[in-house]
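Consider the two complexes below, in which chain A is the common component and chain B and chain C are the respective partners.
Moving on, here comes the complex of A and B:
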């Protein structure tokens, strides 16, 4: 295939022959490319075009209004609040999921049966839909829910987990951590287990304590896993939606609405498709920039290992 | 091993991290390292005990919600509120689970079938589309092939929710909005980036000799691929099936918006949303419905745990 593209070779061969050689490649690749273009690339450009209009989603006529939707996104207090809360969730969630995940992974990296059982217990929420996790915790954190029932037995009055702004925000973040640190743990475990045991033997000979071994052998060697974990958690949390919808439905008083919550509500609930599209383009750019920034920032940490 | 058979330092770090996770539980373990500090060589076992206490507490936090969901699916509302952690024979009843199973609002059994069908179709379409193109990419050496790979990989950075608005537009133009083919088309496209990426990475490790052997047999390129190469891809296909199945089964936003409540087609997640969203304080509906929704996922996890975890690790770290 590659050879057909070099001009010297192609000239020697008749054009029909070149195409006959390429045909299987086109037949094999074509359908996937078409589906992907139709469902990903075209919509992405459409999102940008729509973001420059005031289209409401169903009327036949709309006008181009330039970058007004973008200006509105930075002015609109609902959008700004949602962006700030999303940033807080993404930052705290990323830090906590990775801290807890790494800590637990370090504790259960052995091969015993208990460790395998614990791994299962810490990980299982990850395979449950976040919508269902949200409903479950919503039922447990309600004023009459199980958690307040337990606290009541201990003499602690009902805590407004979901009905007071500060508590509700914390509840969202902690529910996310509860449901997904297991994924980070699994990746850390795989990283820790891939460290050759000779390194630890050498470190032990040098008189390094377990903590020093972890700090100076394990951590540098799992730097690439760390990067993957940070990027995946961050990118995933920037688009958090399901769990918020089920847990707080954006409340109380809209304080836990995330940016995707806004986008979907504006686009489909409020029929402001143009405005929704502008917000999603901004989200796309922020996600890509942050994802790449973390990856490049972590390059340094990963390089040190290679040297 | 780096398994941290806890020394003083790890003990302190341990307490620090756990405090972040579960505020209430950290208090007792936090004091232990402090008392140990005067002894440079702690008695053997103290660290280990501390480690298991911490792990036990976290495990409790993980398991109790599941326990609450299970037992409260069999209790009346007042018993759920009065004693959420206990179940007694006189409050035990199958009637609520029965009601959830036969609910008119949300036909769980039907939703299982619909979602399972979607999972199967998306896996089938996704793999049928991705495998040949990944093969072309893996075997090609030109800049076009690299460009093709980059095109698909760019999809990894596009959040599905961002394109959902214009996807609705495209599907409407194609006449596929609120239909199953439209939904399958979108979900299939959504699986392509990861699938193609993993397939291409795997195919690069398959020696070219096999291609040549197949070519000698006189099979056409496409037939040779399906007959000789595809069967070798079994391990990576298994990984992808696991990843795609979990993501399609758990997806809520795409079926909610593409199929829409008007279509009358409910997956497990959109069905739960329709059934529980309105009655979230009626626990005799909430817990049995959630239990029914969760059971297949948990069973799948218990049976396939090794593959699921292996698949997730492969999917994340090869990227």
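Moving on, here comes the complex of A and C:
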């Protein structure tokens, strides 16, 4: 005989089960949540509180000064200049890293030893420490460095790569692109490889050229990869610091100082921890807003793939 | 309520973490807790090794068996970065080296005014704050110096070292005509060193309270520094300072001058230490940075060498004071420290070459009241926070071709937004 449950009992049993089902998740996920709270949320909150103070890093008798540090961040010409240069680096770097990464990924997506070797070569700069890359290019782009030496042999006069403002800014951006595009390339490669070959076969039967296949098949299908690449590159470049430190040390004339360079200099070089915290909070907000904005903006393209 | 100490400690880490998503190192000093233990936080460098520090304090420990000196090595972060962290963590050392007192740091330091050795030491008055002496140092690091290549001067027909800015400008012209690169400077922090060596001897001689006047907004940069900036721009325009200097790193600039590729090198007295160790080098002399004609007593930029301070949080302040007295007055200890880092102090001689003797003579010839801070300053003679970076950036702009007027204007604007 089949057992029947009263409606009330049917409601109670799932509730008990729910808790029993939840328990492993709570036990296993709880520590991670606690660590996340302790290591990220609480420090962020405290950083915000510190940003409202005039703390100099020495005395514990700091005072709360409201939002003065935030107002100062928008008034301080060095901070504003650094923010503008960071925006230029983030925009140009994101565009170039993804354009170059996608272009090379499309070129070397095929099987074969040569392509495998090229993938390794192009990815290699990404795994080298940014500081090493900065020092390396600093030596190569110096007035008497290898690049100017080579140009000299070709009859071209010395180029002020690191000593003239415009050239120095371009040098920073291009060095960042050179060192970073390998990461974008690898993600694009993974995306391209995941496109089912049937689509290409169908497109070939329809008489589509390679370019048409790339534009109408590959690009739409790797839209989610595009989003990930854009967000990761943008967020990464908003906090660029070490390459600048090693390549130009913010010069010439402070023209290549980025916002993180400025934060660390103000916080620890000038003992203005409160001001540094305010700039950090602003950077955090800007990074979060831009990251979310790009993600939402890309939803349309991703939806097409899903459909 | 959040405790200030907790907030400060976590906040220090957070600012760095938010900026870099980096991580902070840990540092356990694990003192043994004896009542006569004195911890000494020092900068450990290739010259000042941990071994060196332990050897340095050994005679003191031998003479004071009741005091155990524990040398603390802050590692790669250095004393300047370690001290704030240790202070906020409530784990400050008893004595700190190489951390000149500032108005921010002073509340954490013991006033050493009751000790004669602190009040009569090198640059003691210059570093005092509100009449209180928070540090004692071992000697001088001279800043307003022009090292020169004797061969270059001979080839250019310069018989005597310049004693005025006008003579210096004329000498640079002769050096250029003789085919030499007149001034060796470089990028990074060193760019403004040359402008300060050019300007401060006159500016401070004419207005000893220049730092105070600028900080209070009672003087303008263009009115006081304008002539030096114009002269510097003129040097750039005439090619005395190469426009590609900004791409030259400090070690490369030093090496270029040391090996005789350039004629004049504005640098601090520590260069003598490098010169003394070099095997292949040009014949190098030094003269103090001159003032413009008509200024009788040019000011001499100088920093304290190896300043020592005692932390208020120390529970062994008397023992700490005995240690500092030893470090800044004992003949052997002072001479040893001076020699290791190429610093100078009248009455404390060590084995030195001709260049070192020339520098020692400059120290002996410079009256105490002529010494002045450079850069952002120290003691009560300080400029608004960020001045060193700003003057460096603007000097780089001068080399990049920005006009003197624009640089004056930019500096005036900067002071207007920060001073007063």
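As a convention for this text, the second predicted complex is superposed on the first by the 269 of 307 C-alpha atoms of A that agree within 3 Å, B and C clash if a C-alpha of one lies under 4 Å from a C-alpha of the other, contacts with A are read in each partner's own complex, and residues count from 1 in each chain.
Heads up, the rule we're going with is that contacts are C-beta pairs under 8 Å (C-beta built on N, C-alpha and C of every residue); 3 or more make two chains touch, one makes a residue touch a chain.
None of the values given here were measured: they were computed from a predicted structure.
In the model built by aligning both structures on chain A, chain B clashes with chain C.
Look at A:263: by the touch rule set out above, it reaches both chain B and chain C. In the superposition on chain A, A:273 contacts both chain B and chain C. Contacts of A:158 after superposition: chain C is touched, whereas chain B is not reached. Set against each other, chain B and chain C differ in how many residues of chain A they touch, and the higher count belongs to B. Applying the stated contact rule after C-alpha superposition, one finds that A:220 touches neither chain B nor chain C.
Contacts of A:46 after superposition on the shared chain: both chain B and chain C are touched. Within the superposed three-chain model, A:253 lies in touch with chain C and out of touch with chain B [touch as defined at top]. By the document's definition of touching, both partners, chain B and chain C, reach A:283.
In the three-chain superposition, chain B clashes with chain C only at 19-27, the remaining stretches of 19-27, 91-99, 145-153 or 343-351 being clear. Where the contact sets of chain A with chain B and with chain C meet, they give residues 42-44, 46-47, 50, 138, 142, 145, 239, 241, 260, 263-264, 267-268, 273, 276-277, 280-281, 283-284. Residues 1-10, 13-14, 17-18, 20-21, 51, 54-55, 58-59, 61-63, 65-66, 68-69, 72, 80-85, 129-130, 132-133, 135-137, 139-142, 144-145, 148, 151-152, 155, 157-167, 169-170, 174, 185-186, 188-190, 192, 196, 220-222, 225, 246, 249-253, 257, 268-269, 272-273, 276, 280-281, 283, 286-287, 290, 293-294, 297-298, 300-301, 305, 308-309, 312-313, 316-317, 319 of chain B are the ones that touch chain A when the two sit in their complex. Put simply, chain A touches chain B in their complex at residues 1-2, 5, 24-25, 27-29, 31-33, 35-36, 38-44, 46-47, 50, 96, 99-100, 102-104, 106-110, 118-125, 127-132, 135-140, 142, 144-146, 149-150, 177-178, 181, 183, 186-187, 190, 192, 195, 197, 200, 209-211, 213-214, 217-218, 224-225, 228, 232, 235, 238-239, 241-242, 245-246, 260, 263-264, 267-268, 273, 276-277, 280-281, 283-284, 287-288, 291.
Across the complex, chain A meets chain C through its residues 42-44, 46-47, 49-50, 55-62, 75-78, 138, 141-143, 145, 158, 160-165, 239, 241, 249, 251-254, 260, 263-265, 267-273, 276-277, 280-281, 283-284. Partner chain A is touched in their complex by these residues of chain C: 2, 4-5, 7-8, 10-21, 81, 83-84, 87-88, 102, 104-105, 107-108, 187-188, 191, 243-249, 252, 385-386, 389-390, 393-394, 396-397, 399-400, 402, 413-414, 417.
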